[in-house]
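Look at the two complexes coming up: subunit A is in both, with subunit B in one and subunit C in the other.
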Partner chain A sequence: MSTAPRPAGHCRYDVIVVGAGLAGTLVAKELGDEGWRVLVLEAGTDTLSTWPGHLDALDTYYTATAKVPNSPYRPNPDAPSPDLLDLEGLPDGGYRTHGYLLQNGPLPYGTDYLRSNGGTTLHWLGLTPRMLPEDFAVRSTFGYGKDWPISYADLEAHYRAAERELGVAGDTAEQAEALGLPFPAGYVYPMREIPRSHLDHVVAAAVDGVRVKDSAGAPDTTLRVVTTPHARNSTPNPHYDEGRGYRPVGAVGLPDYGERCVGNASCVPICPVQAKYTPLKTQARWDHRVTLVTHAVVSRVLTHDDGRALGVEYLAYDDPAAAAHTVRTAEADIVVLAAHAVENAKLLLLSGLAGRSGQVGRNLMDHPVLLTWGLLPGPTGPFRGPASTSGLEGFRTGPARRNRAPFRVEISNWGWNWPTGAPSSDVARLLGITGDSGQPRGKPLFGRELRTALGDGIGRQFSLQFALEQGAESRNRVTLDPSRRDRLGIPQPLLTYDLSDHVKRGMVAAKAVSDRIFGLLGAEDRTAYGPGPFSPGYFRFEGGDWVFHGAGHGAGTHVMGDSRDTSVVDPWQRCWDHPNLYAVGCGSMPSVGTSNPSLTLAALALRSSEQIHRDLTALHRPVRVRPAHAPVTAVPGPTGPLGSSPPDTSPPTPAGGSGAGAVPSPATPRTS
Partner chain B sequence: MATVHPSVAHDGHPDDTDLPEQLALVEEPPFRVPRDRADLHVFLQAALTLEHLTIPPYLTAMYTLRPGTNRPAFYEIRAVVLEEMLHMALVANVLNAVGGSPLVAHSRFVTGYPVRLPYSKERFPVALRHFGEKALETFLRIERPEYVAEPPGHPSVADDEGWTSIGQFYRTIGTGLVRLTEELGEEELFRGDPRRQLGPEHFYNSGGELFPVTGLASALEALRVITEQGEGVDRTVFDSDDRLFGEAREPAHYFRFDELRRERAYGPYDTPASGPTGPAVEVDWEAVDRIDPAAKAAHFPEGSAVRHAADCFNEAYAGLLCLLERAFTGEPERLGQTVPMMAELRRLAEGLYRNPHPDPAKRSRGLHASATYEPLFTRVGP
Partner chain C sequence: MATHAPGPAREPASSHPEFQGFVDLSVRLTGFDAYDLHATGMVRLYHDTVLDQLGREAVGRFLAAVEAAGGDPDRLADEEARDIARAITHLWYLGVWPQLSRAVHTALGRERANAAFTASPEAYTEGLVWRTFHGHPAGAKPPGFGTWAAPPPGAGAPALSSPLSGTADGGSS
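Let's look at the complex of A and B:
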């Protein structure tokens, strides 16, 4: 028996993945399928992967007063998550925050995430547009943000792989025609597009083909309603995969359940029938070599002094209601951080790693969202179907990007749900309940009168969501505040966040577009921006009042680049300073375009998995043995033990090979 | 109120004193193997009627569970009822494949309840009952595996015996399909319009899969899905979803209902003889809205809110049948539209079950109003 001291709970794997969200789940799937032993450490709990857990989350959501994205998922003080309810606007502008994320920036970072098995993708909406080819080069093309070290073409095959894994429903021909997205010939999405809502048809009838200017002197943009790709079960496309078709993936935890979308209209925060993709669906197909350990909060990455990662230290707790925990370690050949943009940055900062470029934690991005809302002349049946089934894509790129941020316009199917908290806020208002419990109640409506008034008002609600691109800026960043610690004693993230004038000019243009669309629809604009408790994102710009919201799309904190001096990770999402430490996820993205980022995150994770597999393969390959007395001149034909070995076509390993000059050229394999 | 426990013995008839003497009757095809194409159409139309017959009783049991309670029962019944819908669509595929035309949107298609269980020697009533002991006894009778009944004409079966089980009826259709394929040739027998076939692009969301029927093999596979999802395969507890569709195998319908009745799940090593030895299944027999199993819309006073709700339900039900017929007769893409219609039916039905019966005597016995599944075609066609 070995007498080497071993820390409690010691274990050794080929790969450790930190975080069981979308990125970590996909990396674990790919590497488990390749035969590697993978340990996945998840800080949160694993309630949702069983059917009773799913039902418990549904019950929690149904009874929640404020139905924010994290409302179905129970708070976990040992692995706290930021919540939208943590932010509060002040009466005269400014904001206050009282949650896990500390903030000291001019404007609030109004974005949450979820630390639980499955991650934030449990409560995503499920929209999966690809980024546009020019989104990968915004600095060189439009003069803002950062360029990617890879292009759309480098990622295209992985976009397709991600669309298979997530089960994307969409219309490839329409995406190609309306957005100019390049797809390989004959490619179709696994499932047909999620059908347009009635509202989409109403908007299309009014705006399609109309040319608008978003500001004086700007070029015309032609309005066109385009259906959005979704990771949501729809009608399988028999032409997918060269006619092999696609089998939609059902619910997790209950066999033979799980449907195509039937319009329950609660995708955010939870789909009752699990028509929407979540990573738990992929986890159900993990190879047995993948081990998931939940209740495991990674506190630092352990490194050797040559920079190589040895493993991680994690705090294992049992009861989320207790601070009690034990410190454990796990070792592996490769460590993959997949814990969310903010959490990955936190871990790198806690571990003092990847610091050479000074970019860890910087370039924090989101898609700042401007909402506009109004009443249509007649009812259009809101609150049926996914939150958005179509959008206007014409403002996502073009020369105007030099001057102002581009934006994607989502047509909201859920009335004033986001701007005002409808429909529950409408019920409260008609019942005479004001926000101030100290005031007497107004005259309430009841029964048929209440139902009629609700039906009339809610049926006409209409809103647009403008998701703007935010360029990478060094000043928007994540740091740690050692004086503020979570219950397990880990310093909490401190965020510094602001919007550039480039983004704010984009909002001005967005509002101008909104005004035109409202005019074309004959809608009565009810948009109002002002300070108040529900408007932490209030600011003034060019003499006007504005309010923005976060989109939940945290990105940029371990930015990818082509130089170790200016970026944290290389084009494979591998830390420049640590050859066996990967940081995957939206944190690697140098720019986010105007696309909801999960699909791009998934494509990047699948691409990195291939490289991790190559790295692991190289680490396990023995050095080639040379004959002791090799002849000085080459001898044709097989000689000795070398003759029967296959030619080595692998790229040089990060650890370096032996005597490169003596290796035969892999370009001339013998085929005899 | 006394706690109701289901009796474990289930050979006897349920106590049906709450039902009228006169039961509706389903028209059964003659007791013989179908002789020609027209005969086959009659048999398959009868099968379509039979598959539909089971759905309203199952839906009634499911929707009378109080919302948020009895979840195991809800999901067990839901899984079964979705598979019955699958069976109905598969029968329509077979009927279309052999050149027939499914009839659904007709008052003759719905016999009315309570109805005598067809293809059975015994007089057994099938009524619209709230979830409980009697409902489960009915369901077990409907899905009971029949290991012995051979088709008519088999040496072991007397000519005048008559139908003894649903399984026997389906085996007879299978025999007829094989014989007619031999007589007419496969291409000639299966000459129906392939554009009428429903496939995976039109429906899926539970055990099994909807697939087009294009010849003898797929027709026999459709019949196999129907019998094995109901009764189990090879005298085991389980269905054949794993073999046919690469899905998780599940207890067949009979055994799923048996799990609820015995409040215990079947484990992986259990057999029909062993009974369930798996984990306990939680059933709250009290968390149910009790209804009158003989209720008709006409029992609810004209002009009352309950009557209006019952009529609305019956109109929506007729609308659903019309839509199904269109989906089965040349417009398969309409099948998806039945999903929101089912959501509307559920809303209307639950509205009835959540309200007391308008009759004071019945109300005093704790009975609630109910959906009566009497399609009102007057306002919606056909």
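Let's look at the complex of A and C:
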């Protein structure tokens, strides 16, 4: 590593946010709006925040031969990201991994993320279901995983704030009725629901009202197709915000564009018109006090002897293709890690911080996904609209969770794209092209015969995605391998991952539900699970073959709790051991329920922003001036950003939220 | 959708005899007519890609093999010709030049990696595969808000029987 003279890269802020993804972008927005000087350090590049950069990513996506979620975004050896192509299944089961994430667990962690300005949310699908009230207490209610120290009620207002910031389209009445989600009276989402797909209607016509038993001893569940909330521009709801309505937020860098989804059918990995929320939309409205520095890989958190964070050390590079970099530091009153669950754990481990509970890096979670696929008797209209517009929600709740993991069923609008790589794989198959060029090739179809076979086969494809809850388990974890370092010399994360029998029993139940739905639809089931290069998630369970996939929902590596002995962060996502160091994001979640986690992450980030603001306000409380003769009672702090506004001299009293009383005040840091 | 009879198109590129021959061949391989193939704007790029990937000599042998088969790709006898036919068809359907079979790659003595690649960004969006099921390329040519709710061509009308959420008349059993 090279070193630079300290003054060259030294600067001081009120807050340093590490990572410009969804959580970091929201925290920076809130604190910038409050008048604080915020430095956001982003490890990756910033290609996407201009319209030409966006078009470049689109072309990169078009030309990618494997259109995986990270395909539009250029590889960056100085801030490497895991890629789904890193994993390879072995012929007889087991897996091999080639990339940035090292793995030594029984099963692969098949989830990617993206280190770039905007983060993984650049390629999220954009579904925004809330977690259910019972999801916050799975240990005490159902006997698995971990309980949250806060409840749905504590987070409800922040869910609404997140739904505004992300721009959510949905049907609150349907969510309340079908899922029992509590909303305040009269609340509606900013936009009306994304319309159901033709396939949603076909499935609903066949299954709505049918009662099924997913496993022995489980109570009956009534099938019902329910539309899904999305952070995707739809029709504004004039009743939103007590009749004030909502103006959709369009593309970054191209005014008045992308204010409605137009059905590109490529939400993952990139929405061409930017009708889907990305953090870049929020960044476009950042206060001028927010400074973004990209190409800045934070290598450790710097601390005082008393455990308080002093700032961060980061490695600044110019050219992502070169290892050359400069070591810099930045200081602030509060440091917020918002770099992704795996990266947050990596930074805490690199810095040797927050270790008292022994939980840093542990409880790694995802939503393991089981796919089923088949052919309907008639055309399904595949590859139209958002990847999923509706699902079946009945298996997310209830006492069956004691015995098997709950699951959310997504109806996929994109044919067999996920299970088999359709439609490319269909073309290759009918031409006799196998995955291994050394194998003999089959007899090809050509001409009208090929065209007709493709049209009929692809046109009737449909698939279901069962996203299962994975409970927190301390054996699933992130550690570091000091012997394996990335290009800038930072140790790479080493993951140890497995699925519990609770999750596997959930998959068995999910397949039973799938079988029933396929039967009701008169569908021809083409689901097949077996080992092979494209099935790294292959395993056997109860005498059967299974294959699971990752959902991209990394969580749980710095779980929150109500005790410093058993959790890494407090209910405000503040490290118990370091009162001015926050770790925000899905890593704080003690359980993930069956909801796509970004909305909950956003709600948590907004909630923590309020506490960070209170902490900063307390730190900048006016000092008393000693000379007795002066009538002065207070002056603004030396770096106070609040100008001449009356200083808040009240002690920081966290408002609302259970567990608030246990939170140490930043003005009176505890020693441990 | 091919609603036009096959026939010589009149755009400038087709006046080149090589393109004309390439288009005639491609019509037989793909099942799309000349009008549709020209409309993709990909004729010249694909012609040049094939020549670049295989060389003039191998292409000459391939054309001779096609002629010997009476112009019918289903009757191509040798594996080299058949694999080249696969590759050209794959290129038209997906915009991607595929890996050749290893044996054919070796037999051709190609001095390049046997790797798949997309011919250009537009080649992906002009892939013929999407048209086989009345679709559009994922990520391009979007049909508009809410169009995914409409039944696709050839589908019945269950979509409109329960346009709103709520209790449908539902299933049996």
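What we mean here is this: the second predicted complex is superposed on the first by the 605 of 672 C-alpha atoms of A that agree within 3 Å, B and C clash if a C-alpha of one lies under 4 Å from a C-alpha of the other, contacts with A are read in each partner's own complex, and residues count from 1 in each chain.
Assume a contact is a pair of C-beta atoms (placed from the backbone, for glycine too) under 8 Å apart; a residue touches a chain by one contact, two chains touch by 3 or more.
Everything quoted here is computed from the prediction, not taken from an experiment.
With both structures placed on the common chain, the touch criterion links A:597 to neither subunit B nor subunit C. Once the two complexes are laid over each other on the shared chain, residue contacts for A:44 go to neither subunit B nor subunit C.
When the two structures are aligned on the shared chain, A:254 is found in touch with subunit B, with no touch to subunit C.
Of the two partners subunit B and subunit C, more subunit A residues are in touch with C. In the superposed model, A:238 lies in contact with subunit B only, and not with subunit C. Within the superposed three-chain model, A:167 lies out of touch with both subunit B and subunit C [touch as defined at top].
Contact with subunit C, but none with subunit B, is seen for A:437 once the two complexes are overlaid on the shared chain.
When the two complexes are overlaid on their common chain A, residue A:229 makes contact with neither subunit B nor subunit C.
Taken together, the two structures place residues 59, 260, 262-263, 273 of subunit A in contact with subunit B in one case and with subunit C in the other.
Within the complex formed with subunit C, the residues of subunit A that make contact are 58-59, 61-65, 67, 171, 174, 178, 195-198, 201-202, 204-210, 223-227, 234, 260-266, 270, 272-273, 378-386, 389, 413-414, 417, 423-424, 426-428, 431-433, 437-438, 440-441, 444, 446-452, 454-455, 458-459, 520. Of all residues in subunit C, only 28-32, 73-74, 79, 82-83, 85-86, 89-90, 93-94, 96, 98-102, 105, 114, 116-118, 120-122, 124-125, 128-130, 132-136, 138-140, 142-156, 158-163, 165-173 touch subunit A in the complex they form.
Here subunit B touches subunit A in the complex through residues 68, 71, 75, 79, 199-202, 204-208, 241, 247-248, 250, 336, 339-340, 343, going by the rule given at the top.
Against subunit B, the residues of subunit A that register as touching in their complex are 51, 55, 59, 192, 235-238, 245, 247-248, 250, 254-260, 262-263, 273.
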